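Below are two complexes that have chain A in common, paired first with chain B and then with chain C.
Moving on to the complex of A and B:
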């Protein structure tokens, strides 16, 4: 190796070096610290060189030809899988470089084809490893970033949504480490909102599993942040036109109404406020099913009374006040369904 | 021209009720120098010896609330759009100035504005224009909608381009953003109904913003379908079902059609349907026969054909557009990028901030030339119809002199009382017409 760094390494050489160093690093056990430090150093250097090749550096713009070769080498040596598998062993800067290399490759386009997306589609294990990354503090945030990068592409988002691993996110958003929980939540939200039609179909097809088995847990979580974010996202999901069927189904279930009515009286004003935005959908529904109507009728007086005192200090929020006035009017005018 | 004349006639005599329930919460504002040039055009005789030569047109600082106005960016049927600067956070904004009198003359004018404000207030997406503030001046019967600043619109860019079109990659970039914004609007149950290049603006970083929701319709969130009954959009972009005058039609598909016509226009500089007048145009659209220019490749022509299907049910959905190969394709960059043209009457291609000279005026005023006009004091007295506020007077040794000195011409000095150093105090009562 020349004294002043391997400046003119070809993509083939870089990928080969990386593979060798990475496999060696992976084969070492915990006691071989010295060897590991050397290998880890090599890995990071090569990763940096690869990153600079992809993104260009101060004195070298990225070259399309070279990058095509580099991508090809990465695919044929299964480097993406290797990198995600061994991510915990790579040092801090190296991990960041991995995530940048990953997103650069993912955005590659040849005509209408996205080669990296196809590559990962054929290797669902990569997605699984990334998802499991949330369990490990060392790599959770890097994995989260890569997952969201995958989520930009409908094909990958579909695989993530329809895999069993998706339901693990319901646990990750509640972990006690705040940055991991919130990172997991943004991945969760991205998956459920980014590709409208895909998400709508997914929610419709898996309604029970998502809302009854899992989402409910978030809404009654002891964790204030989880509960509030989940409630806010629920409001957004229900009011998105694409999720019309899901909304209709959700607001027909009296248990959901009871939950929201209890949350209107939550200790936290913010939870109350978010709950209001879900509660309003139940009331505004022109075709209320009988059980829903009955609950509202039974609580008519109390609801009117409650709502007229509800967050009266929000005088500057015009939309909220309009909606509140509308709800009070609706509830006042509620009449029992006529039996035919 | 007729409109301007009428403005003058009605001046100060007509105080129609102009109540917007949605605007009740707006604080009474302080207005400084907020006079229209046309509003105070009393006919005054001016002796030739009273005309003071002013080599450059001075830019007078004008504040609407906390916003310092800049030059005119454009003019619509409702009034002007000016650049402005939020003096509290120094953000560059645009303000749409709506005059109640003009609004009243436009069919559904007031209702459209009211609806647009209530819709914009709840929309937050990077491809939909953001409404930051709404101000209302009861006295002058004007409304100010403060919005995100955009450097220009696609329509003016198209008009400035040699073949009235963009290179494919540029059109593709705008079209993708249009679809993102449109998908958001549709997800919020909003049908825009007037998608066209003229309603698509660009920020300095080439982010496209869908604007003008004046004729948009918000669907009932519980309505099973997107059936609509009315449309007031621009004729050339309307689908056959509207051109034929159908009683009901599918709302979301209207936007798809208009976006198809928009794409057609961006890529070719032409319109699929034309006609000497609106009847002939609608007749042609109603027939639904159009030809795709030969220069368009097969992918593009396939996409446009999908978006402009005669039968609304067969027209593409947003997700079909997204998955179309032309949409997904990476289009090679070429060097013929079309820039936004300079503003009319300016040569500045970069569209730098036009608020700067006004800012200069606001903070420095015309201290420099005070001395030069000391002996014009007598002359200027007769030219100032408005009372000079005490605060203004006390900050300069020869207040009347200042009036004259700063005025571009005597006619101007009578329409615009001069504010001086103490801007704050001036705001409150100095400029209310007596």
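Moving on to the complex of A and C:
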């Protein structure tokens, strides 16, 4: 077997080497810089060899049998936990290789079984470490990538959504570093949209905690990007028919309507536009609760006047113009509720 | 040489706060006009920097692409790939803090002085560095897809960096390595001239990292001739010519002998255009890069061994690049570029005031 001869190592050897080097690297303290550099080199070389075995190379396809053995070794040596725990100590390229190894393994399938997903389900600590990764600049983007890989699997997404750690994301999407905040937002959005039924149940069950305690903060964030992305996602969530119950609750609250009406007048055109897509749901609701109806009635003339001048340069956007015309008509025809 | 980021703490930290950066003259634009690149001073260290400031509320700004470019910059670390110090959002602007590349891009050099092309020795040095950057990207499974003179930046010391990672594409996706790519980049119009026939053809056969090698060949012609091949024809004709295997050439006394007889005598030899002879090594380099069949194009790694690069002086390469670029000089101080007119700032302020004070539609809650 040429693959195992010569300088090629077997999966067992690779994983054993990695474990030894990683454990050694983890045991060193900050003052042992030289030893750490050497150990870190060993770790990264082995990680690269493992990545190339899993992915194949330009002229060598990955080999199913070898990869099965490799995966087995990774599971039995608790390598995924070890790698995530020690990620900050691994060098720059090594960290990226960890993330790519992780994403290849997570997609492993045996019949209908997904062995890596099961493995991580039994070790929720891995998810916790990944989520906390956003706190550390050095590993944030690598952890983000691995988290989104986890989000693809409903079982893991459920664990992430229903853990207290989920609410930390509301902080991470607002951090000052643009690249980390954007990455955290992608993860946040994936978690809230990827598995429709799971997401709908989660939002319904945790409506107050999500929307009142947390999401509101994002909508009034000082960070332009956070505010804009949160508003856009809110529109998408409310318009998704799976989230009907959540939508109904959201559009019954007059405070939410006031917020959107103010955002229609934001100095940012993009925020005005995203706010329009939430505002329209309040107006289109055929069963408007009394407080909502009253606000709309009180501002009837102003709204009609405002909307007829709103983003008139978007003449090429047919759907928007239709919706705007519909809203103006609806608002014009609003009548006070009759007392029963 | 890969940078071992994370092994040592950086000596200088860049705060995510606009007050740390004093903006001076605009030295470039980006994002179809929605962004400006400023010469700036980092106040804590007094060092010069470049600050890219992008107006995120502008219509032509696609956040998805910006995020991709920043992410690519963040995840690629090599001395020949441009790196950013930090990124943050202030008001509705994205600030990207970058090292100052004081000579600008290699296409700025053509515009500033070398309208008929750079000296061959300078091109050799520049492309050698570019290929080292590409070798790194390709080893990570990333295709750059937009190699061109304007994406090659040069520092005051003659250090060469590849930028423009907006179109970079990773072949390692979804847990697999793809051998061919079919993705056609969006908003790619400005880079079509440099693209390989297989990328432009969008055929079933797809393309791979060799598409970048073709772009290196076109860039070599651009730097040698002072203009991009095919630039003088409509896009469709350019496509056809490339598909039919037409290979652009370096223009010199041998490839264009008619230039010799053009206008002899009258104004002396110096007034003749393209009075030069490029080496056979350079011509061969361009030819192999532009092989119509991607299989016949060498990899970035093997091109680094090409005889064209024998002329580079290993030790003093950077210094000799700087001297070869004479009389073009790098930006050396904030005073060396005309300062930004105060009026623009004033306009900003009044625009802000207006949007605040026009409160004709106060809602009645």
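As a convention for this text, the second predicted complex is superposed on the first by the 331 of 340 C-alpha atoms of A that agree within 3 Å, B and C clash if a C-alpha of one lies under 4 Å from a C-alpha of the other, contacts with A are read in each partner's own complex, and residues count from 1 in each chain.
Keep this in mind: a contact is a pair of C-beta atoms (placed from the backbone, for glycine too) under 8 Å apart; a residue touches a chain by one contact, two chains touch by 3 or more.
Owing to the predicted nature of the structure, the values given are computational and were not obtained by experimental measurement.
Colleague: Which partner does A:69 contact after superposing on A: first (chain B), second (chain C), both, neither?
Modeller: A:69 sits against neither chain B nor chain C.
Colleague: Which partner does A:109 reach: the first (chain B), the second (chain C), both, or neither?
Modeller: first
Colleague: In this superposed model, does chain C or chain B come into contact with more residues of chain A?
Modeller: Ranking chain B and chain C by residues of chain A touched puts C first.
Colleague: Under the stated touch criterion, which partner chain does A:86 make contact with: chain B (first), chain C (second), both, or neither?
Modeller: Touch status of A:86: no partner.
Colleague: Of the partners chain B and chain C, which touch A:253 in the superposed model: first, second, both, neither?
Modeller: Neither: A:253 stays clear of chain B and chain C.
Colleague: So, does A:330 touch the first partner chain B, the second partner chain C, both, or neither?
Modeller: Neither partner.
Colleague: Give one of first, second, both or neither to describe whether A:241 is in contact with chain B, with chain C, with both, or with none.
Modeller: In the superposed model, A:241 contacts chain B only, not chain C.
Colleague: Do any residues of chain A touch both chain B and chain C, and if so, which are they?
Modeller: On chain A, no residue contacts both chain B in one structure and chain C in the other.
Colleague: Would you tell me which residues of chain A are touching chain C in their complex?
Modeller: Where chain A meets chain C, its residues are 37, 40, 55-58, 62, 88, 91-93, 95-96, 100, 103-107, 138, 141, 149, 176-179, 181-183, 223-225, 228-229, 258, 261-262, 265, 267-270, 295, 298-299, 302, 305-306.
Colleague: Please name which positions on chain C make contact with chain A in the complex.
Modeller: 2-7, 16, 56-57, 59, 63, 67, 70-71, 74-75, 77, 86-89, 91-92, 94, 140, 172, 174-177, 179, 352, 355-356, 361, 363-365
Colleague: Within the complex, which stretch of chain B touches chain A?
Modeller: Against chain A, the touching part of chain B is residues 22, 25, 118, 121-122, 183, 186-189, 219, 221-222, 224, 317-319, 322-323, 325, 328-330.
Colleague: Applying the document's contact rule, which stretches of chain A touch chain B when the two form their complex?
Modeller: The contact residues of chain A facing chain B are 109-112, 154, 195-197, 239-242, 244, 247, 281, 284-287, 315-316, 318-319.
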